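Think of it as A, B, C and D in the order they're written, each chain with its own count starting at 1.
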Amino acid sequence: MSTNAVTEEITYIRAVNEGLRWALREYPKALILGEDVALPNGPFGATRGLHGEFGDRVIDTPITESAFVGAAIGAAMRGYRPIVEIMFMDFTQVAMDQLVNQLPNIHYVSNGGFRVPLTIRTQQGRTPGSCAQHSQSLEAVFAHVPGIRVGLPANPQDAYDMLRSAIASDDPALIIESRALYASRGPVELERPLAPIGRAQLRRPGEDVTIVSWSRMVGEAEAAAQRLEAEGISAAVIDLRWVSPVDHDTIAASLERTGRLVIAHEANRTAGFGAELAAWATEERFWDLDGPVARVGAPDIRMPAAATLQEALLPSAESIAETVRATLNAAPA
Amino acid sequence: MSTNAVTEEITYIRAVNEGLRWALREYPKALILGEDVALPNGPFGATRGLHGEFGDRVIDTPITESAFVGAAIGAAMRGYRPIVEIMFMDFTQVAMDQLVNQLPNIHYVSNGGFRVPLTIRTQQGRTPGSCAQHSQSLEAVFAHVPGIRVGLPANPQDAYDMLRSAIASDDPALIIESRALYASRGPVELERPLAPIGRAQLRRPGEDVTIVSWSRMVGEAEAAAQRLEAEGISAAVIDLRWVSPVDHDTIAASLERTGRLVIAHEANRTAGFGAELAAWATEERFWDLDGPVARVGAPDIRMPAAATLQEALLPSAESIAETVRATLNAAPA
Amino acid sequence: MDAPSLPETYRAILTIRRFEERLLSLHQEGLIQGSMHLCNGQEAIPVGACRELRADDALTATYRGHGWAIARGLPLPDLFAELMGRASPLCGGRGGSAYLCGAPYGFLGENSIVGAGVPIAAGAALAARRDGAGAVSLVSIGDGALNQGAVGEALNFAAALALPLVVVVENNIYSEMTPIKEMVAIDPLAQRAAGFGIPSVTVDGNDTAVVQAAVAEAVARARSGGGPTLVEAMTERLVGHYTGDAQQYRPAGEVEAAKTREPLTRLRAAAGQELGAELAVVDEEVEATIESAVQEAMGYPRPDPAGAALGVYVD
Amino acid sequence: MDAPSLPETYRAILTIRRFEERLLSLHQEGLIQGSMHLCNGQEAIPVGACRELRADDALTATYRGHGWAIARGLPLPDLFAELMGRASPLCGGRGGSAYLCGAPYGFLGENSIVGAGVPIAAGAALAARRDGAGAVSLVSIGDGALNQGAVGEALNFAAALALPLVVVVENNIYSEMTPIKEMVAIDPLAQRAAGFGIPSVTVDGNDTAVVQAAVAEAVARARSGGGPTLVEAMTERLVGHYTGDAQQYRPAGEVEAAKTREPLTRLRAAAGQELGAELAVVDEEVEATIESAVQEAMGYPRPDPAGAALGVYVD
């Protein structure tokens, strides 16, 4: 079968669905747990058809995230490979003990006695009208928790590939999808070998500045790069994909050429994951930097529901482009 | 009364106790809630004597952090000024929904309709033998949550002063104490005006490098500076005190002189709060930097119980000094 | 209190119903963005319960809270404006459908985290008890919410401290798209309360008077220092879990059957010919009220984007 | 199974007691660092319960879990070594007193977050049910833990899915330093279970046979698909909540009275003259076992600091 033959143009959420289907076929011990994932086909359709095909391996749970994340941990310790859906990133907060105090400790503290091949799927970010409790981007929190791999797919192919890599891994992994991208379409090759966890992707090479981004902001960064091109500025765009582990090599290679770094994410700026990348750059690549590193993120706010307010707060292609321009112009006072 | 007359040499935990006593006297609507805080005088003695003096304003709660943090929020919305003890930082994780999705949203989302003058006290860090679930340093997580002030006192005077400032504030605040410092003594002036929230303290001026630290690591940083002095290296030491808001001015003033920045904390390195400070430096003070910024932190681990293992992982005066030396020697490859 | 007349009750319920229906059309017109959780069919619960509340009582609801807000007396124009993302006096557009509140009305707000309002409401009850004026705190949650850890913790907290808390469980037989009966091993749900030492009752939630009577007893217990009560009110959603829910998970005929049992149908039947004409007048008046509220709401300005980042802190 | 003889039971309990006491002396000698939560007085519960477990069952405990580990068959030298921060085959010194585990023994481990083990144990029960071999998952928690949100969630989860879970509540009448009776509005605690549709029983936790019988019934129910059970075992701590707890909160005479009811005292009384001599032999044998275990433990090397950061990930 040629590679082209299995490439389909599908939505991001459908790619997730295909990834889950792959997992249930590939691993007899794979289970899916979550709210409304079985009979109702998943609140966003990620599990569509899976209960029909795989029966009671797809389990509707009560609305008790601590219970079902914890149960998935226990089942994983006893040989299963559970995949858990937490409906919104914000809801991870009711299960943080299991996610932070339990899950990432088990392999290390048991000195390898137990493995927890558990994958958590969730989605985050703002969509028009989403309230303060349904809009947060919290990847930085999990990137600060050693013992969990954390990836944020920015397109349908990655939604499929990264999910499969996470599930195949014997380590706990958190896949943070983007609700705003669920309906977006792209080509997805279904029969691909598993990709290693932690590889970034250079979306676009460039000479003047390196823009690193992930999740929904990758599209904004690419749009910014296009605008900048028209102005004669050549911006490289890197989709980081994983915030744990980070592919420093791909960033370093681009930074070596451009000497300038801009990081863009939807999360609040302060102590966001952009801070980590900026810190890394100044720590490890100081002599490659021709000027200040810059971060683009939400201005440390709670998310209001009104779309007009939301838009004033969110990074965009334009605010990224503007930051790039300012960065390139930065000079000693 | 002269200032000296009210300065006492007391322990850090006793200073906390005095701060709480002050609050209960000062604010008729102040309440204390937590596990074992009333009749048993607090698991670490922070509330010693307060139930005796203030009766049912000091409330023993069931072991249900979501319930009593939530209840404190509700009481605050109805005019009280609760002070909550969460026994270990690690236990915040069972109450994260109240701490992240509820508490910091209320003033903003209600458009100022409600205020939540709630102070949470907890303590963190490793002590010999403390297990992986009783050793985490998680200040970076809360620094990434706009709407809560976050402070980490490093000595008895600050344990007293910062707690009072937090309680007096009409914003939610989290005071993260250091269990390892509870028994340490220092002079505490009890009759001081309230200090503004968010001021760092230059503990020691220096010409060659600026070390920024907080909580237990301030002592290590000062010890490192002493060692370095013997080697002819003049290190400034700043106790950051608050990670939200950050006193950038104090850091900037020192950085302007030294041109070199080292940040030291006990938390895991990656996405720790050191990242934020390093990012700020490279973003806002790039032209002041004479070389790479460096971070000292735990190497992205879970905390083992065995003290021999713990010690191999924790930053210390020596590892800070070593990082300073490496930083000063850093040169383009 | 005098028992409210049938047309009065009808008006209260119809106002909520028409509010929700109008939201849907505003949503379709693009004047409201994002999903909403409507309470069509469940209105008798907030209407009955809020009749027992005093101005100094605290009320906390869920994302399915428009009915509670209206029953509590939040102005319709303000509510419409808030949901349209306008600078309403409630939250200035910051709350939206699922997370609005109204401080001047003792409305601590909706909550869009399942179950999270109960600990907060327990805190309001603690405040009420300390204030000593006999105020209570009432919180509504769904059937599914009862399983959340925070709810169990708060029930125990309120029971242990004997707080003046009334928990109203609106059992609409579904938690999102999953039948609650498959998610618990108890029936009725009110049985959960006994495990915390809390008295409880299961009542017909489609009858305002029945709800009111149950809440009256709970409130009386709370005001007199008797501690918390759980009231389970049985009801059915006539619409999807949220706007956009196609309800494929509901068995054929279920919604139709529910429509024969819902509060407005019942009140119309009970009204008979005698009061029928009066209800027709109410229909028109409510229609007019709703429309004028929408118009008034449209008059509120959009919130100033320049202020979007302000107010995260008091200081 | 034949009922174990009195001296056998005595040996099992005494082994745990002497283990805990020896820990205390090792702590005083500076050979163990950090605080520990000892189970002196509560030993009959793990001894009785673990007699009903098969090798393929899962066991989960709390920080007060040394007795459970021993009753489950984890080797004493390994346990001593783990607590001394040595490279034990259990966790290599990474677990310590409050958070050790033993994968080869089906011991999912202690947990130092109150209540957090119950969801995990429910997952082990889910695995057991799917495996279809009739294995069960048993988890012990304290009285105070029963109020934690995660515990309530897990009880409901296990009930709704009819999982083979046995929850043993060791009611030692204190949660740390606060009497449990002040923190709940129910008595007995087992009443909590009914609110989740879970059968429960309250038994004398100081009598191994009584505990074993209650757990036998629960395990039988679980193995046969009958779902979860909660067993509340009444007991008393003879020592502080943790090493270093001066127990000023305990009323005068309470500990002394407890000593007249604790398992070893009872067994010695029941033994009478007949078996008394046999018990004296057991005393000596246990003493020797403990000492040789300590010696063996001292032979384990300290963990290599160079490996401290390794093993956070499998890959």
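Here is the rule we use: a residue touches a chain if its C-beta (ideal position, glycine included) is under 8 Å from a C-beta of that chain, and two chains touch if they have at least 3 such contacts.
Since we're looking at a predicted model, the values are computed, not measured.
Any chain that touches chain C and also touches chain D is listed here: A, B. The greatest centre-to-centre gap from chain A, using C-alpha centroids, is found for D.
If you average the Cα atoms of chain A and of chain C, the two centres end up 36 Å apart. In whole angstrom, the spacing between the mean C-alpha positions of chain A and chain D is 41. For chain B, the set of residues that touch two or more other chains comprises 61-62, 64, 66-67, 90, 93-94, 97, 101, 104-105, 108-109, 131-133, 146-147, 300-302, 304.
Residue positions of chain D touching 2 or more other chains: 92, 94-95, 99, 111, 113, 116, 147-150, 153, 156, 160, 182-184, 312. If you draw each protein chain as a dot and join the dots that touch, every dot ends up joined to every other dot.
Listed in rising order, the residues of chain A touching chain C in the complex are 35-36, 39-40, 43, 60-64, 66-67, 90-91, 93-94, 127-134, 299-302, 304-313.
Across the interface of their complex, chain A is touched by residues 32-35, 85-86, 92-99, 111-116, 144-145, 147-150, 175-178, 182-184, 248-249, 302-303, 305-306, 308-309, 312 of chain C.
Contacts from chain B toward chain A in the complex involve residues 90, 93-94, 96-97, 99-101, 104-105, 108-109, 131-133, 136, 138, 140-141, 143-144, 146-147, 243-244, 267-268, 270-279, 281-284, 286-287, 289, 291-295, 300-302, 304, 330-333.
Residue ranges of chain C in contact with chain D, taken from their complex: 147-153, 156, 159-160, 162, 182-186, 191-198, 227.
On the side of chain C, the complex with chain B involves touching residues 58, 60, 90-92, 94-95, 99, 101-104, 108-109, 111, 113, 116, 118-128, 130-131, 137, 149-150, 153-154, 156-157, 160-161, 311-315.
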